[in-house]
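Paired with chain B in one complex and with chain C in the other, chain A is shared by the two complexes that follow.
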Partner chain A sequence: MRIPALVPVLLALLLSTQGAAAEELVVIVHRDSGISTLSREQASHLFLGRVKMLPPGGRANVVEVEPLRASFYRRLLGREIAEINAYWARLQFSGRTQPPLRVSDSAAAVARVAEDPQAIAFVDAVPDDPRARVVLRLGP
Partner chain B sequence: MAPEPVSDGDEPTRAFRRVRRTRGIAFRTTASILVFGGLVGGIAAVGSAKLIEHKEHRRLNDALVESMAAVQRTASVAAYARDEQLAAEVVAGLLQSSSVAHAEILEGDTVLAAVGANTASASPNGAALRGLLRSPFDASETIGELRVIPASAFIAAKAADYSRLVASLLAVLVLSITLGVAWLVGRGVTRGIGRLAGELHGLDVVSGSKVTAPAGHAEDELGRLAGDINALLERMDAALAREREARGLHAAAERKWRLIFDNAGSGLFTLDAQGGLVEWNAALVRALGLKDDECARGGASLAELLGDGAGRLERMRAAIVEGSEAASADFERRDADGGSRWLHVVLNAVEGGGELLQGIVNDITERKHAEDKARAQAERDALTGLLNRRGLERAYSARLHEYAGTAGLGVLLVDLDGFKWVNDNHGHEAGDELLQLVARRIEGVVRRSDKVARIGGDEFVLLLDDLKSMSMARNIAAKLVDVLSQPFAVLDGCKVRIGASVGVVFTQYPSGQMAELLRRADAAMYEAKKAGKSQYCFAFPV
Partner chain C sequence: MLTVIPRCLAAIAATALCATSAAVYAEGQPAADADVRWSVSGFGTLGAAWHAADDTQFRRSVDQRRGTRANELDFGIDSTLGLQVHGALTPQWSVLAQAVMNQGRHGEWGPHLVWGFVKYVPNDWLELRAGRLVTDIYLDGDSRHVGYAYTAVRPYADVYGRLTYDNFDGLDATVQHALGDGLLRFKLFGGRTRGSVFLNDREHPVKVGRSFGATLDWIGPELSLKLSWGNMVTTRNDIYAPLRPVLQGVAEGAHALGDHRLAAQASTLASEIANSNRIGYLGAALAWERGPLSLQLMGTDMSMTVFPGFEGWGAGATAAYRMGRWKPYVTWSRSLLDPKDRPFDLDRPIPQELPPPLAGYPVAVGHLRGLYPTITGYTRHDQTTIGAGVRYDVAENVALKLQVDRIDAKRSSTLLDDRGYVTGPRALTVFSATLDFVF
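Showing the complex of A and B:
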């Protein structure tokens, strides 16, 4: 009789992750950055350090929200976080390409973007701050 | 047993005794194995060197490709992130390998990092290895290229080095095996054969010695060979012994026959195809009355020794050669001292002797003399010692056969006149004595070579040979008539007188029977008697 007892627990777990994933992730920049929208590819290049300049010019300051990284990269690239970490581990070896700044939650990321016209970050909800502009939406 | 002579022109005696070192089985076998091994080893080494060089070349290239694969991921990351530093690290890592001449990472058309020699000089054949770099996050997106130019010269040199190493190891291995095999063959087989051959070579067969199997070969083929050799030696020994024994027996038989031959009473000899003496015994020397040295010269002709001028011996020889079994004849041999010997010679063919003849000579002189004496007595008149009728006939036929001249022959028939009166009046003894006296007187008139015979009681015949003319016959006839008309003294001085009537036949070409001549002489004598006795009368020529 154990297995029937476990079924609701597993279902609950599944529903809770789905609940978290169900949230929309958005990429935001400063409203003065000159960027109105970004393609998924552009976003990928910026977050993975392939492109180090924002499209209008100037160095991009990339910010990651630690708890959202796995979800974000899965949605953006269809890759697991371990692959992304491995990628950065290789690049850190040379020291030339720096990984993005990591913050602990979306609020901190929004705050960064609000302060820095060169900043770009992903957060779990469209921010209230008028200085932040959503340039890419990654649906569930 | 004489060793098989080795035909070697320059040094015959040594070659005969000793096998040249370079011709020995051990040397040739070892040399053959070494040459074969060396050849195989060489071919294997050269062949393997080529193969190994090729393989090694491929292996080094494969290794290069593998090391490229190993850094491909990092290179992709470096290209993706356009990180020259990381790219430089990657290519520097690749260049650590000596097989790499040049390495570079391209992002798009941009060279992110390049190390090593100039592209052009490093890759004369342009055989660059290329690895496409794909995005780490999208395998379908090509973002650059990892390009490596192998250090071909180095790889080739390394492959060559390696192949040389393997080839030399192989050569050493083959050489070792070859030497090992050569040593084993030499030790195991050829040395044994060599020892056996040497022992057999130096063997004294007469002493009955044997060869021994080489140590350790008692049970194998060499042991069997040694055993067979010993068996052969024993058989040869036995055969030699038998041969010696047979020779001894033969020599004894030969001596026996020689003794018989030498001591035979008859002369024994053999003749060759030319009639020369080959062998003869002492009896032959005696029979021929020769001195030893006359006979001692080999091939002396028997015909000459017999004094056979007419070649009768040669005819006998020819008859036998033509197939007669034997031939015999009597020969009269005149000695140097004037005497003569009669020899009976029998010739036989020697069975299986080709044209060789054998013969026997017996001295029949005494028998011959006895025969002659008997015959002489049979042909003589016992009373007067003159020939009788048979003797006369023989003398006539001998004259007829042996005389070839043209001189005349006279036949005189003498008949005594008045003999019957003497016989009747003085007795038979007086008659016999008278006949003897008449015979002596007739002999006194004729020549030694003339023949005188008494063919009847008081009838005498004279054969006068070699008459030059008729007048010689006439003279003798006249003389006969004269001497026989003289008185005879018989029986102690009793004188008697008789006469003789003579019929004469003279012929230059005598032929036919004696009786015919006598008949004509008798007719002529009768004419003389009719004419008055004591005279002669010639027969009419035919």
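Showing the complex of A and C:
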């Protein structure tokens, strides 16, 4: 491989980030959760494990969609996924709290939320399931 | 070049390899149901350090028996392996145990328990823990062992490297409440101290001691603030116990000779060995993150009434800029500790003719003349470190760090000479490379 051909590869490596760039990401909860909307601050505290209860009460069961994590945290917090992972290492290994459940795609997250009134998740499209309610939208 | 390969290196390397290729969806991930859930996780660091300063051992903390020697590629000071088991028994009750294996106080690699507690969280504003806990003084989490959690290779060795009495068996209670767009947290902790210091080729564990203190945090979207206050009180200090009868002998001899000033000085010092027993710190820290930029500032005031006593301060700063997987950073830290300046007039002339009961007095005074400056010198510390490095997140759970530190020490108890004694002045450049991982 010639050196000029390496440049874009190195640049891609240098600035590479993980995760797909969905059009819109939405935060969803169960329709019986008692939550109609969430602020960005509330969502940040929940997804970063700082607050362990949903606003109406009851323990929050936080669900992450693995391929959307980088995009979600960049949009919600403006931070790279490597920073989020280091943050979770701090919490997890100092006994503060355990990281959220991760699922492989949005459909699995919607299924979790549809069955659990205490669940909260982010997905890449407004779900068709009537048991899921969108409480926060994060544009591209 | 001498290469030091600890026995557990192969184990850590193998674990790092496993961590790199670990599946994202570990079986141990918590499930969203209400059943008892157990998870096993861990962290580690494969680290190498090198410098070329003769007759100098570089340590990351004072509980390490040995450090990196000149022209020696050392895998010992930063390499670590930690294993954690967590059980969520109910939504309110959980248990956690964490064992860490690193180069310990005796140079061995046996695991030691860093965390081991039962936690009760009745609601969103209260959290109670009981068991083996860690003093909450670190900005990047309550542990100095999780390299993956830090930006730099290691916490500020100048500051945190001296605070190794950081484990305790006891209780902590945290309350939190929303304040502004952040969370305000207040923690109280207390219990029996665990920890050790290795100085002058000898370990100084806290045989019987109590730790207690409090922290106040405010965590906002970009800014986090932390105030820490802590104390460690020893109820039995054996380190200088042999010195006490010598000081008492000098006090009695000086009194008999009419030197009441020296008698009072020696008597006070003898009393301090038995009764003065507190090590305290008061710290403040700030972390600010906006997009790719992050800044950390911390400062702490330290004092010790335990004989011979010292007062001092430490400070540290880190600035970093995230560019995708890369994160270059610069660090600065300084700590200063001086023995308390108390008069001890040992140089006053001793009468030639002494009555038989005072025959041993000149011997005791001569002994102290040689020993006292040495003892007070053990606590003297004046060290500054400037560093630069880069973190590269190789994969989701693995980070490679390369770092250069320039250390200038007028006097140091973190650095040792080749015999294992506190040393100074020294100036050295330390090159470090670590592979940090979590799994």
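Everything that follows uses one rule, which is that the second predicted complex is superposed on the first by the 118 of 140 C-alpha atoms of A that agree within 3 Å, B and C clash if a C-alpha of one lies under 4 Å from a C-alpha of the other, contacts with A are read in each partner's own complex, and residues count from 1 in each chain.
Assume a residue touches a chain if its C-beta (ideal position, glycine included) is under 8 Å from a C-beta of that chain, and two chains touch if they have at least 3 such contacts.
Just so it is clear, the structure is predicted and the values come from calculations on it, not from any experiment.
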Overlay on chain A: chain C relative to chain B, clash or fit: clash
In the superposition, chain B vs chain C on chain A residues touched: C
First, second, both or neither for A:R50, with chain B first and chain C second: both
Touched partner set for A:R102, first chain B, second chain C, both or neither: second
First, second, both or neither for A:R79, with chain B first and chain C second: both
Touched partner set for A:N61, first chain B, second chain C, both or neither: second
Chain B versus chain C as contact partner of A:R112, first or second or both or neither: second
Touching partner for A:D129 - first (chain B), second (chain C), both, neither: neither
First, second, both or neither for A:F93, with chain B first and chain C second: both
Selected from 21-29, 255-263 or 273-281: the stretch of chain C that, after superposition, runs into chain B: 273-281
On chain A, positions contacted by chain B and by chain C: 44, 50, 77, 79, 83, 87, 90-91, 93-96
Parts of chain B lying in touch with chain A, wherever the complex brings them together: 73-74, 77-78, 80-86, 89, 136-138
Residue numbers on chain A that touch chain C, as the complex places them: 13-18, 41, 44-45, 50-53, 59, 61, 63, 66, 77-83, 85-87, 89-96, 98-104, 112, 116, 119
Touching residues (chain side chain A, partner chain B) in the complex: 44, 48-50, 77, 79, 83, 87, 90-91, 93-97
Residues of chain C defined as touching chain A within the complex: 24-25, 29-32, 39, 41, 43, 82, 84, 86, 88, 91, 96, 98, 115, 117, 119, 121, 123-124, 129, 133-134, 140-143, 145-146, 148-151, 181, 183, 219, 221, 289-292, 294, 322-327, 393, 396-397, 399, 438
